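Chains: A, B and C, in written order; residue numbering restarts at 1 for each.
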């Protein structure tokens, strides 16, 4: 084994590789393919720097089907807005008893101590201006927490006052007693919220109701305390309110139905595709070489059996069978890769076998055998090095077919649910209304990514083939 | 010839048997879910007696080897049993779905050949021209462009964007015919053709390139043969050389590849049926997968295998008919 | 006037790395009933020269200069369609290397012969078939072989069938391209015999292309020795054999055994034929020539007549260039 990597051998191999590169660098199409491949590898390696978002777990970044940001350069989209996150600090509007004790950074503290049995109204407000076109989606969040409550009943009401003075109630919780905390999220898509405001109009577009007017909007928070005894107390902490007006546009490639960043998914898909493609191609090619060399060199029963297996594999309907296997054994990406590899070596095995047969008859193999070399040694030292170019060309072409196979499986819904490949993106797009919403930014990019990576390998493989197969060279 | 045929048929039957066995092993032996769970899930409240009756009905109570023998007998007599899901015989279910698949693939293949072959011939006869380079390019593209993506983009453009821009569906995005279907048979045929147009068109766009490239390469191979020089030397016109001498010798490989590619196209059409919601075999298979309807899966896989083997056989025989060199080999 | 007069013919192949000068300034004549042998190593341009005469160049080959006159008419300038209908096969035909792929595998031999007849002559199909049968008999095969496919014939038979096909339209000139190569010795002798017979019976001119000088000496009157796309020596076969002047011819003669004749020691020519993309300067043979002088690597020798009549040589050793 050691002599396999002796210095002489290494020099010969380096020379072979250098010659090969020389020829390869003269094929334009091969260089284009290589450039593309390098691009994909860079994207795969630099994914975390290319996008701040995780491909799976993401906060709500924009509205569903937010278009890419750059569409705003076109006049008909120029008024579309990005996501706006507004943090609203509370200001005191009406505080007859000086209850506000000050803020703790992002919240306001209220200290209530009853002097008499009169109800007390504390009004806080917070202003922001909005002059864009109405958003399709928004949500508003704030939280409050009461401590040290004693003999008091209080209520929290949040209203939005539009520039024209219309008042919409966001939150109203009355009759509260005791210590408690409350997280409030009001979502424009929440049917309960809509029903609370417009009982007879389910599905009302709240963005258009609230944000059609341009100018200063005010959130008004009213706290009412009703003491039950003279020494009623309460301590309230009210967090700043957060208003997120989800953008019509987002990021480089917009957002999908789940409001996830599409660019992030496309970028991270490169790693997955390369891994899936290479893994399946390497395993499949190895099986092909092994079967081809062994059956070609040994002949006899080994040959007969393996060639019958090849015949059978060639008669199997691959896609349906793979779907069935994946369905049975679990939608696991490793299984998928393995199945693609296991069912994808038969063609190569035939080629390798016929090559081995012809190499076996050459004089130097005869010589090696005559001088007492064993079968294993001959296969390793003489046959495999000679079939490496063909096997390599075949492996390069096996990568795109594995990638295409995986994306077909994913698209049909049999991909690994944890692995967001481009095929899976297309499946989501197909199933989640990308078509009816004309969300081309969700449908086009994953496919372009698949085509690009496949063409990279197809181009390289084509160039390889021309170098390895002189017959093809004549055809060009 | 007869001996050769008989030998081929025996080998084919052997391969079929192996595939049938594989089918049985996959679905009934090592399947992690036992078949009866799929038609009567354990969560379902079914009395043990009913469950037992069902097992009896589907022949699941026998020993494994008995089941295997029965299964093999059934497969080879095309008695595919009863679907778990629809409780109807597989054969009649298949007959309902076959027309859509055959129509889809038949028209797509014919169109691909009609478009691709002349393109390949033109490219080969004008080697090195722009047309030739375009043919090579489109052939390479088909290696890397998934057909389902072409279909998705086609659907997005012709069904949805056209609807937005022009206010009508240029092509329908789903189904084999309108609902309700037109009563007039002629109108019905037109309706089906309208529904089939986009699936077929996109299949052709996705497939003509490789077909043209293949024709071109085979023809170029023939054109570089010595006998073409002989034909030219004889003073025959370029047309005669190309269409009589060169094309004649490309017929065997071309016809063979047509026969050999049928099975691949049929399995590939599964995705087309999925995208355009066409009620064909592929769609049926996918539904069967999702509901664990093993009799459906087994019989579809077995039918595909039969189809592949028959196509291989036809390819071999056609090659023999078209190429006198092989014909002699078979006569022996 | 010579039947065929090739004058300063230049034929280049264009490949990605440049131009391959396969035939470079080649001139020769063939008289009626005369036969000329074109000899040389493989790749020396002899087949390219022959293909130029029939204008059967591959897509990247072009005649860049010179003239080919058939009965005084320049066929280089002739329109393709006219050439195809009037010259090819009718006046110039070719015997291809039959053992190779020269016959179409999916047509019968008879069909391939009648096809040529029907193309050029106004005869009925039956008549053409009869003529094909006669031709097959002429080359010494049983008449029923017309119905055979090429793969059903042996190498020698295929060679005869190809020969018969070449005679289909009674051409004035037949070019035989390596007619005996790839045949075994006994079949070679048979084919040789057939060709000799035909030559004496049919009064046709011939160009025989071969790397086998003994074959050429058997059937040809004149011979041209080609090297690297040029003619090295040209003249009467007897002269060339008896008194080879060019060092390359000398080497070529000693490199081949003769079918009939005294036993001599075989020698090989050292080195390789030059790369025709970048041929060596001066005499193209100088890198391999044992007698190379200084002038040989600088100045190209031109074809000069030597003392004996009709014997030309391009070599500085033999008067070649006057300084």
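Going forward, a residue touches a chain if its C-beta (ideal position, glycine included) is under 8 Å from a C-beta of that chain, and two chains touch if they have at least 3 such contacts.
Computed from a prediction, not measured in an experiment: that's the story for all the values here.
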Chain nearest the overall C-alpha centroid of the shown protein atoms: B
Most remote chain, CA-based centroid, reference being chain B: C
CA centroid of chain A to CA centroid of chain B, Å: 33
Whole-Å separation of chain centres (CA-atom averages), chain A against chain C: 69
Intercentroid distance (Cα basis), chain C paired with chain B, Å: 53
Shared interface positions of chain C, touching two or more other chains: none
Partner chain B, residues of chain A touching it in the complex: 308, 311-312, 314-321, 323-325, 327-329, 397, 400, 404, 407-408, 411-412, 414, 426, 429-430, 435-436, 438, 440, 443-444, 447, 450-451, 454-455, 457-459, 462, 474-475
Footprint of chain B on chain C - complex, ascending: 51, 54, 56, 59, 81, 84-85, 87-90, 93-94, 96-97, 100-107, 112, 115-116, 119-120, 149, 151-152, 162, 165
Residue numbers on chain B that touch chain C, as the complex places them: 127-128, 225-227, 229-237, 245, 248-249, 322-325, 328
For the chain B and chain A complex, residues of the former touching the latter: 11, 15, 18-19, 26-27, 31-33, 140-141, 143-146, 148-149, 152-153, 155-156, 159-161, 164, 173, 217, 220-221, 224, 263, 266-268, 270-271, 274-275, 282, 285-286, 289, 297, 300-301, 304-305, 308-309, 312
